[in-house]
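In the two complexes below, chain A is the common chain; its partner is chain B in one and chain C in the other.
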Partner chain A sequence: MKLTTRKFDALIIGAGGAGLRAALQLSNADARVAVVSKVFPTRSHTVAAQGGVNAALANVLPDSWHWHMFDTIKGSDYLGDQDAIEYMCRAAPKVVYELEHFGVPFSRLDNGGIYQRAFGGQSQNFGKEQAARTCAAADRTGHAILHSLYQQNLRARTHFFDEYFAIDLIKDEAGYVLGVVAFEILSGEPIVIEAKTTLIATGGAGQIFRTNTNALSNTGDGMAMALRAGVPLEDMEFVQFHPTGIAGRGMLITEGVRGEGGFLINGEGERFMERYAPQAKDLASRDVVSRAIAIEIREGRGCGKNKDHVLLDMRHLGTDTIMKKLPGIREMSMTFLGVDPIEKPIAVFPTCHYSMGGIPTNRDGQVVVPVKDTPEDPVPGLYAAGEAACVSVHGANRLGGNSLLDILVFGRAAANHILDFLKENRYHRPLPQASVDQALERLSRWERKGDGEAVEPLRRELRKVMEDHCGVFRTAEVMQEGVDKLRVLRERIENAVIRDHTQTFNTARIEAMELENLMDCAMATMCSALGREESRGAHSRVDFPERDDERWLKHSLYSLLDDSMDYKPVRTQPVTVESFPPKKRVY
Partner chain B sequence: MEFSIYRFNPDTDSAPYMQSFTLPDDQVEPGMMLLDALLLLKEQDDSLGFRRSCQHGVCGSDGMNVNGTNGLACIMPLANLKAPVVLRPFPGMPVIRDLIVDMDNFYRQYREAEPWLINDSPEPEVERLQSPEDRDRLDGLYECILCGCCSASCPSYWWNPDRFLGPAALLQAARFIEDSRDQATEHRLERLDDAYRLYRCHGIMNCTQVCPKGLNPSKAIGDIRRTMIKRSV
Partner chain C sequence: MVMPDTRTRWRCRRGMLENDLLLGRFLDHGYDSLDQEGRDAFERLLGYPDNLLLDLVLGRQATVDSGIARLVPLIRAATADRPEA
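Let's turn to the complex of A and B:
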């Protein structure tokens, strides 16, 4: 069979904020860039981000990038790499101003400046008064950013492969990554996209949990591709549960609601966050608020007839603020709960939201792996950015408003490094046929007919295993059982079949291949969680309730081969300022 | 609950047909959306094709024709739908397979509207200022999710999809004409001043009626026309 082959300088897999920001930087520098996405770009999940993007613009209250850095490190429960965090917080104002110039319709202050709201975990003066650092376009900031970035890429004539599904990376003997084997969803035709550099920007893997805020397409495709190419995943045990998903359904209700002054109440009508975080209250870090809600419910102080959720009250904000600053939330609440938040509080529950972990990179977006004595050796030609990556700026717990920042800063940084790489690597390397064949094998595997389990029930079981065995509170015993169950599921997935074997827009095949990716990400998450014998940030071990800096101030690395764990040190040395040593975390 | 769903797979079918599906009562839950039902029906037959992603009406993937009206499956409560629920692909767009349509022309018309901010003055090192009142003029314009419900319900777009931009693209045009930071208003109006591109809109208002985000392309088109008239006198 003759394979279609296309050649580019730079390939980007994923067309969310990280991919599109990188693509724009590359197109503007006249590199030949291709963006491959399994959905039309504006359908990427960045579109669902609500509250905003953090940058110390000081438009509303005094602020500095250094305070932002402190908050991010504290929020990360000291697991974040301080050089990357410094870099991100310093770059934040610049990337936000750039967005404004790209046309993002930010909400405005009376003086015409960008509107900023308070968000969780933000402070002035290294832990003192609440800050207002989150730049917002009402409660549709992700939509505003994604659409503007796509529009700018249209202007820059970036080449898009819309609705192409990436199967696996192409890697040669010397370890260079040389592009990807994909297929066109419309025709089912495989295609080789050769590139001198490949950036993975495929987002998170929230679909490994039953109740989540994520799109159905967030199946960790890039993370799984990296695993299969021999790259370990970093810190996958750190899964953020967002405190306010719509109870029973999972849709996200932005932290911006609490940023604007909304608060949580339990079944006794008490503002219980005052007990857990006397100073920051409802604007404590997400891990803290999610755990508090889980405890309230566990101790019988939930709301509703099953006492299985708490309420988010914003009635006191008034019609004006809700209509102007939180219109999307109101719309969603009315659609999914039949409740107008102007009149009644909303039922919420902690919901799987974000993967802090991912493909290990340095602050230039280069994918780095341990080689002999070096914990961080770059994989030539391979980059990652956004939720798929782990720089790590979020450590054990991400602050709200830092994910949109992460995708912009590191999408841009990766593109800049790619431009340097291209100067020194002017020619395409020979294509290793064996690697291509291996990827094609993954595609043809689903042509298998005959008896076998169907995909959807297996997916449902996988998600249930993760929820039951790797949720907000974790113990060794329950997780070990989870690992065993996942191993059995993995074998069953190997024998699964689909019934649709046609070529045109075969969604059954896509879902099957997504399930394989979910499986790899789930195993990475469960094994990493079982390995870490301490409680830090979003990772709460009932059997190891304290943070243990002596043994565990280090990053986990999970390899697919043998499901094995390895570790590497946290980069505690910032670029220019003094290190923030670990302290007890109080809000 | 009964469904009647448009099926067509070019690999195996010579002509499209309607297929009946039944969602057992014990699978119907209160608060369920049409998309939830479709995902369950897909378990009965994994060859059933439709696009979907975010599940809460922001990505714009799952636009389709439901009981004769275009909408997003993920935010249509099942309880509001009359059974048998008749599902068809968007009218006026080429069918790829089942409920999946070819949206290339829709995207091409979007690009024709040059939907990007044009401002050639030197870039300040901070944000360009915009008063809250000027920003308010973008409300109702920038929130479009490109689902296509509007253009696929517009008779003028059905007849002249190659020459009439359609409500979605014109809404984008309005979004940039109204943006106080954009300096290309004159250029934009000139490009639109054409018997087809803008003026094929006959004010039928299907677009406004079906928009799942509650936007009003019809008004936006009217506003562009008014600006156009002001400019010519």
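Let's turn to the complex of A and C:
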């Protein structure tokens, strides 16, 4: 078969904020850049980020990058790498001003400066008064950033492979990553995209959970590609959940509803949060509320015919309050559940929102792996940024406003390092045919006909296993059972078949390959969560309820080979300032 | 019956879960009853940026495109009428 081959200096997989920020930096420096995206770039999940970007501009209240750094480390429950966090917080004002120049329409103060709003977890003076650090473009900051970056890339003549699906990385025997094998979704034709450097920016893997807030495209494709190329995934057990997602759908119902006086009830009509948090009740912290919901359901006190959710009741607030203060929530409930919350309570369940873990990188965006006694040896030619990566600035828990910042700072940093790498690596290395063939085999595997299970029921089962065994209620017993179920599923997926074998726009084949990626990310998450015998940040173990710095102040590394776990130290030494030692987290 | 082609189905993959669900549900429940004019309007709707698309479907914004305006209640009904699906 004649295979189309294209060559570039830099290849970027994924066209969200991280990928496009990197691409722009590279194109502006006259590198030949290609961006591969399975959906049209402006349909990347970055559009869904409403909140904003944190930067210590001090436009509204006094602020400093050092306070921002402290808040981020504390928020990470001391698992974040302090050198990367210092770098990010120092770079934040610069990336925000760059966005301003790219045309992002930030909300403004009367004096013309960028408006900054206060978010949870932000403080002045290392944990004292509330800070106002989040720069926003109304409630659609992600949308504004993504569209501006896309426009800028068109101007800079970045080459886009729109609606191409990346199958696997190409890697030679010396360990260099040399591009990717992909296929064009329109024609089904495979293509080899050779590149001196490859950046993975494919976003998170929220779709491994049945209830999640992520777009359907967030199937962890880049994370799974890294795993298959022998790169372990870091800290995958840390998944941010929000207690009140619309049951069976995933979209968030904000805390504002409970703030206004809405409360949760179980299948017996009981306000159960009074038992779990007698003082704060329904306004207890997110993890406490999430776990309480999970326990009620596990113990048979759920609502509905399957007893698989609880209810968020706001009827007592009255029509006026709901219409005036919560119109958006009412609209969501009516649209997605057919339920008017003035008349009936809303079915809710904890929903997965963000993956803190991902492909391990240093603060230059280089993918790093343990080699002998070195915990962080760079993989030549391979980079990662954004939610797909774990740099790790979020550690065990991410602060609001830090994810857009992460994609911008480290998309840019990776691009700068790529430019240095390109100066020293001027020529393409020979293409390793064996690696190309292996990727093509992954594609042709789905040509197989005959008997076998269908993809969609397997996907549903996978997501349910993750929800039941690796959600907010985690014990060794529950998760070991989950690992066993995932192993069985993995074998069943290996034998699955698709019925549609056409070449043009074969969405069945894409969904099948996404399922394989989900499978790898799910196993990484479950094994990492089972391994970590403590509660830290978003990872909460019922059987190990305390943080254990003596044993567990370290990063998890999951390898696909034998589903094995390894660990590496947290980088507790910042670049220029004193380290922040672990303390009990109190807000 | 007119089934959405796979290209249309793929272009209903959006950046936001809300749009994924609304459009996906409509493809399965409603799209087949559209005439050519309706299908053309649906293609135009898919060309909108995600935030605007959601605003239109949720009725937060109006459109002068009468073809798209006719689609909006159909798309909403496809989701709201099937809460258990």
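Annotations
We adopt the following convention: the second predicted complex is superposed on the first by the 481 of 587 C-alpha atoms of A that agree within 3 Å, B and C clash if a C-alpha of one lies under 4 Å from a C-alpha of the other, contacts with A are read in each partner's own complex, and residues count from 1 in each chain.
The rule we apply is simple: a contact is a pair of C-beta atoms (placed from the backbone, for glycine too) under 8 Å apart; a residue touches a chain by one contact, two chains touch by 3 or more.
These numbers were taken from a predicted model, which means no experiment stands behind them.
Once the two complexes are laid over each other on the shared chain, residue contacts for A:A132 go to neither chain B nor chain C.
Of the two partner chains, neither chain B nor chain C is touched by A:A22.
Put simply, more of the residues of chain A are touched by B, taking chain B and chain C as the two choices.
Within the superposed three-chain model, A:R499 lies in touch with chain B and out of touch with chain C [touch as defined at top]. Of the two partner chains placed by the overlay, chain B and chain C both lie in contact with A:M251. By the touch criterion defined above, A:L530 reaches neither chain B nor chain C.
Of the two partner chains, chain B is the only one that A:H101 touches; chain C does not reach it. Look at A:V339: by the touch rule set out above, it reaches chain C but stays clear of chain B. Residue contacts after overlaying the shared chain place A:Q151 against chain B, while chain C stays out of touching range.
Touching of chain A by both chain B and chain C, each in its own complex, is seen for residues 39-40, 42-45, 47-48, 140, 143, 147, 186, 215-217, 249, 251, 331-332, 335-338, 504-507. Taken together, the chain A residues at the contact with chain B in this complex read 39-40, 42-45, 47-48, 57, 96-97, 100-103, 105-114, 137, 140, 143-144, 147-148, 151-152, 154-155, 186, 215-217, 249, 251, 328, 331-332, 335-338, 454-457, 498-500, 502-508, 511.
The residues of chain B lying in touch with chain A in their complex are 9-12, 31, 42-43, 45-47, 49-61, 75, 77, 96-97, 100, 103, 107, 111, 114-117, 119, 123-132, 134-135, 138, 142-143, 145-146, 176, 179, 181-182, 214.
Residues of chain C that touch chain A in their complex: 5-7, 9-11, 13-18, 20-22, 24, 49-51, 58-59, 76, 79-83.
Within the complex, the chain A residues that touch chain C are 38-40, 42-48, 140, 143, 146-147, 163, 185-186, 212-217, 249-251, 331-332, 334-339, 504-507, 510.
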